[in-house]
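Below are structures written as structure tokens.
Consider the two complexes below, in which chain A is the common component and chain B and chain C are the respective partners.
Entry: the complex of A and B
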């Protein structure tokens, strides 16, 4: 129940932020919420199925570019339609990619996802007509629930309607994922993570479950990718670059992949810490690299693991 | 006849692990497979459970050809197994482990949004198996924290949770203290009656266990069936007793055929 209270408090704090926090900090909440959606999905694959993807920026990029393309080229502004299109497209692209990747595990799985990520990155970089190359494509302000909000000043739009829209998407995404990990399917994923040989002898289709987990995580990444677009108003290839895939793995480790909300906490800390460190020293990657090393060695269950501490840290899992 | 093997051969390159093994297991039987190291017991178990495809020969389970069918399909057809080296899910509790088996058996493994906690059938079934194996008190303990004997029991219990028709146990009492061995075997036999198991096949090194529990013993030597009969017949067969009991006298892993 303590966990439930923490989640309720966290949700209330996010909801109250625009009323109390500075605009600067409220704006930082937008990428946080977008990443939180991505990471809920990524952790289904990472924490629950035991597969570490280094290519999920592909799906973030896919979602973001879907929004940019639809608003700029197709004159479709409805965010509901964009989210739906990104989810469908994310699933469609994930199906062949997952079918190939889930035949492999460990480093081979990771490298294969990385390879697909590279292919997609090159695609968005080179297909100028469709993607605008390295300059990217504008993501025009989407309408929310059928209401065009073009007349609103940009900041008011972002810290007002768009903020709560993102929060609602995050809430629904978290609810959906909570159900998935507490379903019979979710339990089977955990058996596969712990011991695939044993899972098979119980009649659990290991490859099939990994495939489903991959596709679901891709849908989440695409949806989160859409939410990243409107705050900057532009989508560029760095979203699909492999270091971006690395960042989201970092966020997951930072918060802790062994708990449901760990990655969400990781996204929050990452975003705020990055903004703070960048304002203090020019070498934020140096600081973050050192931090990652400390976490892997001393807190393999992440920040949430430090607080909850239910069991001794497992050495070298994942 | 629930399980039948005809003329099984398995070659690993030049090495012949099995050389024409035939056997049959009938409903109601407890069959033990014995033999010195390198006799081909593990290969045989892996072929019978569909993990390994035989180089030649046939495996029939419930009148269906199942050679190399794979572990998932065998589990669904009603054949369960446990391993020589204990196999558990380290981070899952006793109850979660058994629930996973029940979920798989009921064909609910791909239910994405259903609540596991509210699935009464899965919950009660898993709890029942836990209690059957004396693991009820430890149902919320993660498998990694169980003592070795309980891990072994959990491995076997999860196979039983599939409510299979036949179960193949690869050294169910290996790595367990002598005192615990009988306890494990008694639990296993009681549980098998309770769930209506039709047959048990085990590979076992401990001859006391083998003679105490088996209806029939199959002795393997150098990839061939050396003897196949009830315990009394095996005991009277000096050739088998020398090969199997005096197994330390036989150089391990060097058969050729």
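Entry: the complex of A and C
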């Protein structure tokens, strides 16, 4: 139950952050929570099913652009409607993409997802009438639970209502994912990861389960993508670029893909370390690249793996 | 050939481009005859390929026995590092050799004006392709490379020193990448983002042609190049979109690529 205690403490710390931490640090928590939602979904595919997508920036971008489009062009400001629309759209786009991608594994899967991600990137870049091209589209301030908060100063809005809204979404997303990975469906995914042949002989539809996992992870990425929009107020194509897909895989690995909350820890460390390194030198990629190399070589289980390594915990448990 | 999908090949290309620009700059400052600028350019491109040894010995060799995912992530780490290493060395402004490539003049070919330099690059790439083909199919070293790609354990059991083969192959690949970057640069400009942009195109080329097939890569490059030009003149919005759609079509219909025979 040590894990449960750590999670409760973490949640309490996040909830208390706006009361004690500086505004700067609280604002950094917003992209952290958004990425945490994305990574919970990504890890269903990476850690639990054994498929590494190099194209999930597609769904982040899709979610973010859905929000930008609805607030700017369709005059729909309700964040609940936006999240729902992004989830539905994410699923609709993911269905054909997943159907094609899950026919392959390992490197081919990664390459195919990368190609789809770049199709979307090129689309948002070139069809500028719809997306604003490389300048992006504004993401107007959404209303929360039906209440328009346009009168609030931007910082108050972000560190106040929007912060707790994001936290609530993250909490629900984590709860939902916890249920998924601990359901019979989740067990099937782990079996597929460890031994697809055996899973097949046990009567598990391997391709079908991979397909479901992909679609669920895409929905999570789209929802997380929406949450990324309001803090910056603008959505641009770099969200969908392939290096962004690489960065989120990096976050997952940094925290540890073998544990449930590992990716969440990874997102936290990534965001804060990046902001700190960038305040010291502008070359954060050099530092992070070296860090990634070290993790890949010495600590493939990530930070959470380093902490829990001594305990003979079964793989895939927090 | 090493069965490593190297995301960093674009970064090597960018590195070659920058080094090429600098080498030509020094050469011109030192008063060398402009007509021979291609010599320092090519030499610099080849020489900086030595960075391949460092990368292979320093990083990649640790992940040969790991899952492909970790190999992919390792090359992604190299992409991140190289991008900033280039920014750190050459700054963020684009670099170019100005109009130097026009010293060879231009010719009219099929009604279009083509700089002679472009023809030299085409000839050079053909020559390199032939040389690589010869190396792989006609020499003992080429046989060893192909044997390793087919069955690493068997090759090792037959007394092939895997570490040296991998180091050589990777360095050769790197040198080709940097040379390519150096050769193409007089006609364009070096930018720090060119590496991560090229990789997607290079990846399209390799997928269309088929992994591990040299002939396929050549045909893939032609397909991508020609289609891009056609798309630009017909419907510019479609340019890269078209390439990716073809990649997806090829991956779905023939995951081994148009020319891929061997199982990857």
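Assume the second predicted complex is superposed on the first by the 309 of 318 C-alpha atoms of A that agree within 3 Å, B and C clash if a C-alpha of one lies under 4 Å from a C-alpha of the other, contacts with A are read in each partner's own complex, and residues count from 1 in each chain.
Simple rule for what comes next: a contact is a pair of C-beta atoms (placed from the backbone, for glycine too) under 8 Å apart; a residue touches a chain by one contact, two chains touch by 3 or more.
Keep in mind it's a predicted model, so treat the numbers as computed, not measured.
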item: Room on chain A for both chain B and chain C (clash or fit); value: fit
item: Once both complexes are placed on the shared chain, angle at chain A toward chain B and chain C, C-alpha, multiple of 10 degrees; value: 80
item: Partner chain(s) touched by A:191 [first = chain B, second = chain C, both, neither]; value: first
item: Touched partner set for A:154, first chain B, second chain C, both or neither; value: neither
item: Touched partner set for A:204, first chain B, second chain C, both or neither; value: first
item: Partner chain(s) touched by A:73 [first = chain B, second = chain C, both, neither]; value: neither
item: First (chain B), second (chain C), both or neither touched by A:111; value: second
item: Which partner, chain B or chain C, touches more chain A residues; value: C
item: Touched partner set for A:122, first chain B, second chain C, both or neither; value: second
item: Minimum C-alpha separation between chain B and chain C after superposing on chain A, in Å; value: 15
item: List of chain C residues in touch with chain A within their complex; value: 5, 7, 59, 62-63, 66-70, 72-74, 76-85, 87-88, 196, 200, 203-204, 207, 236-241, 244-245, 247-248, 251-252, 255, 264
item: In the complex with chain C, residue positions of chain A that touch it; value: 52, 54, 100, 103-104, 106-108, 110-112, 114-116, 118-119, 122-123, 126-127, 242-243, 246, 249-250, 253, 283-286, 288-290, 292-293, 296-297, 300
item: Partner chain A, residues of chain B touching it in the complex; value: 49, 70-72, 75-76, 80-81, 83, 87-92, 96-97, 99-101, 103-105, 108-117, 119, 122, 142, 155, 158-159, 162
item: Residues of chain A touching chain B in the complex; value: 176, 179-180, 182-188, 190-191, 193-195, 197-206, 208-209, 212, 311, 314
